[in-house]
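Data block below; observations after.
Just so it is clear, A, B and C label the chains in written order, and each chain counts residues from 1 on its own.
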Amino acid sequence: MDVLHAILSIFQPATFTYLTLGVLLGVFVGAMPGLTATLAVAILTPLTFWLPPSQGLAMLIGVYNSAIFAGGISAILINTPGTPASIATTWDGYTLSKKGMAGIALSINSIYSVFGGLFSSVILALISFPLAEFALKFGPSEYFALAIFGLSMMVSVSGKSIVKGLLVGVMGLALATVGLDPMLSYPRYTFGKTELLNGFSFIPIMIGLFGLGEVFFQVFESHDVKSVFTRTIGRLFPTLEQIKRMNIPALLSAVIGVVIGAIPGTGGDIASIIAWDQAKRISKHKEEFGKGSVEGLAATCVANNAVIGGAMTTMLTLGLPGDAPTAVLIGALMMYGHPPGPALFRDYPDFVWTIIGLMFVANLVILPIGILGSRIYAKTLTLSKPILWSIIIIFSIIGSYGVNNNPMDLWVVFIAGVFGFIFRKLEFPLGPVILALILGPMAESNLRRALIISHGRWSVFVTHPISLILLSLSALALILPLLRRKKEMKKNGA
Amino acid sequence: MLNADVVFSLISFAVALWYYIESLKFPPGVGNVPGPAFYPQLIFYVWVLLSLILFISGIKKRKTYFSYKLSDPRTKRGVLVIILTFLYLFLWGHGRFVLNTTIYLGIVMLILGEKIVQTIIASLAISIFVYYVFNKLFNVLLF
Amino acid sequence: MRIWKVLLVGLLVLLLSTVAFAKFPEKQITLIIQAAAGGASDGVSRTIAAEAQKYLGVPIVCINKVGASGAIAMDYVAKSKPDGYTIGYVPVELSMLKALGYANIDPRNYDLIMRANILPAAVTVRKDAPWKDIKEFVAYAKEHPYEVTIGTSGAGSIWHIAGAALGEKTGAKFTYVPFPGAAPSVASLMGGHIAAVTCSPGEVLSGVQGGKLRVLAVMGEHRSPLYPDVPTLKEMGIDVVVMAWGGFALPKGVPKDRYDIIAKAFKKAYDSESFKKYCESHGIEPGYLPGDEFMKFAISQMELYTDLINKLGLNKKK
């Protein structure tokens, strides 16, 4: 009875209206570089205090889901991820749109983001407690192994030149060590500057490398500036054959997304990168990845939205944030007098069902709004190049600054932009830098944390089963491509 | 012409060396538990190794990436856009945001070859839009 | 020449101050929050701001200026024009950052408006932990030096100081495990990777209500309203009080009349129903102190933490 009542309540006009409002706002905020899903949820949270729980949460859940989805729109159209969760969407999405297939890319983003969201809602409804228990098994040694597993993908995101990829990757690792060290809070490479105590923020670097760097590169390279963009949007929906190819990677990515999302402290950025790499591994068209693969694109779109259900699982069952936006959502739930946690399921089951129902409906609302909204954003491609470039430059700068209101970030995004340009010119891939910035600190801090807990016994990394499995997989990921290459060389030689 | 791979690997090596020397000042770890210096030093070894490999392959390949000539109009406008962006950021906080941004975007658009009327309309519209969205809607601290 | 200059400046000041006296506030006020959106600092600030703007008659715009443990925001506020239009939220780090050697932040560089809330530390273990109370916990740690792991929210953070003070006062040897914030340390405790956590009572509330965690003691002056059955350390004979707190500050030198207007509005906001409700639902204790007493308190806290931080060897300026 609870379930039915809860789900019916969602279809009350007011609730549905606020949900749609949230989705609309999310599409706007998510596609703006620098305006993240976390920010969108945070800004709406105080507004929702005047609304009853089901309506307030409808708005928050709507904006959260759609902002993550919409981050992919700008990733596809202008190579600038709207939120960090869409970083991997640029790899295939932007390439597709450069090839004149933005239409397909955008609809894949809409359809598969919704698939990811729906899949994760099903998981949330069915097996939230076992999943959360599994997520709790992640202690420092498991986090370390997960980070290493992610870092092992540097090889596969390096593209043509593995050495160059690894080199910029290592530079990214070094860059991420600036600031207080994660264990003793000893200031490293800060030159005694207070501004550098927390290191460089990730978002300005990401926006600089991808957004600003791409514009600088095009300004230096484009011959036909004066002409209007010749880029067409192309076909609007993927072909049946393409859909068939995307099915299995999408399912795999959905599972990866939910699990990574459930693990506290890891979010859409890590999930979509890992999903992209796994999709590549099982694909029959590996060579297309990074060059406009629909499978790769679908994998990233599914994964970052599937993270939401996973993160909500951990939040609702344990009261722990699964990622940054859920940390803000916890505050909203507390405000409603329903602090999340096991007690919530026991004391207010209909409240929990309302949330799960809202997740479903939010994703269903995203589908039409997303496809329509993407078409409107795609209109930017019909602007003249100087105007479009100016728009990207100013949004990159102000968006990066807006995250923390820290003037230093203005310079970070600028310098990252110049480096993004130089790296493109020298044919250095950018994927490894992003991997390094996200996972480097996670690897180091958890290595040291695990060793503090184990009192210096390094064996913890192999005696814990999850960490052993992840580390073995990382070793395989490093060795297999080398073996394959040797085999190919032999074949070619013979 | 510059051999970019070789130059890059040399610069990278120099930075890595500085990175290592700096790490020597960090306190050591206790017993088996690594301290703040452990991880940077690990990075250093890999870094140096990769710089070396790139150096060798750069000498072998002799590939040039930067074939820019300042006489090329594309190079000129690229350099100008970067300098203008630098100036815009340098003057951040002086004057008024909408005015600065309009002037900056306007010059950038003109350099890139946009027509004058479109430039004026677009730069003003974008600046005002950015100001309203970020400052009024999302409370970003602009000036 | 000189006399003319002095006269001119005097005239100008007079002119400006009459203008200033005319009406305050006449434009929107900016409230700088040192932490990211969504946390306790953010919540307290936004709740108070939403109420205070009703009494001030102008909107208060909240801006999150994150970085360097709040040093960037607090430094920004200290250097702002003291005209009453820039207000800052100041957390316990106001009294800690200088001692830690991070930044030259000192309560004396501000005109403090009021203290709004306090957050005593709580020592939490898993429900199935072998220790019945804090005494057994400490006794066990004394017998097994360094075996008991306590999760904290980062070296030099207030919750690390809390755990360290417990060890320092009782002579028990703990192994402190820094995490990036309280939530990951609580997750690690629930997963059984560490033995205990020191953090605010609210941050373990859902774990306690869900029957996964148990609070052994709180480190405030009196018991926490969230856990009326849990004793304070003082009650258990361990004389340690460590708590985080938060309040509001203006840059030094704001005209007295403007200060009074703001302080009055903030006090009214503090007394409001919505702030009360916010505190209750988030496990935050309201802890009002007027500006002058808040200053005395902040300075005494600064002395306490300087002493503790030096004893614990956490000062980075060597």
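Simple rule for what comes next: contacts are C-beta pairs under 8 Å (C-beta built on N, C-alpha and C of every residue); 3 or more make two chains touch, one makes a residue touch a chain.
Here the structure is a predicted model, which means the values were calculated and not measured.
Student: With chain C excluded and the rest untouched, write the groups of chains still joined, or say one piece.
Tutor: If we ignore chain C, what remains holds together, so that there is one piece.
Student: Find me the chain with the mean Cα position closest to the mean of all the protein Cα atoms on display.
Tutor: The chain sitting closest to the overall C-alpha centre is A.
Student: Going by the touch criterion at the top, tell me which pair is linked by more C-beta contacts: B-C or A-B.
Tutor: Spelling it out, more C-beta pairs touch across A-B than across the other pair.
Student: Round to the nearest whole Å and give the separation of the Cα centres of chain A and chain C.
Tutor: The mean C-alpha positions of chain A and chain C differ by 32 Å.
Student: Distance from the CA centroid of chain B to that of chain C, rounded to the nearest Å?
Tutor: 37
Student: Suppose each chain is reduced to the average of its Cα coordinates; what separation in Å results between chain A and chain B?
Tutor: 23
Student: Would you mind listing the residues of chain A that make contact with two or more other chains?
Tutor: 39, 43, 183-184, 186, 405, 452, 455
Student: Where in chain C do residues touch two or more of the other chains?
Tutor: Within chain C, residues 63, 65 contact more than one other chain.
Student: Can you list the chain B residues in contact with two or more other chains?
Tutor: Residues 140-141.
Student: Residues of chain A touching chain C in their complex?
Tutor: It comes out as residues 38-39, 41-43, 45-46, 49, 136-140, 182-187, 194-198, 201, 264-265, 318-321, 324, 327-328, 331, 334-337, 339-344, 404-406, 408, 445, 449, 452-453, 455.
Student: Which residues of chain C touch chain A in the complex?
Tutor: Per the stated touch rule, the residues are 36-39, 42-43, 46, 50, 63-69, 71-72, 75, 100, 102-103, 146, 149, 154-156, 175, 177-180, 183-184, 186-188, 190-194, 205-207, 209-212, 274, 278, 281-282, 314, 316.
Student: Which chain C residues qualify as touching chain B in the complex?
Tutor: Those in contact with chain B are residues 30, 61-63, 65.
Student: Could you please specify the touching residues of chain A with respect to chain B in the complex?
Tutor: Touch list, chain A to chain B: 32, 35, 39, 43, 163-164, 166-167, 170-171, 173-174, 177, 181, 183-184, 186, 188-189, 216, 219-223, 225-226, 384-387, 389-391, 393-395, 397-399, 401-402, 405, 407, 410-411, 414, 417-418, 425-427, 444, 447-448, 451-452, 455-458.
Student: Using the touch rule from the top, collect the residues of chain B that touch chain C in their complex.
Tutor: Residues 139-141.
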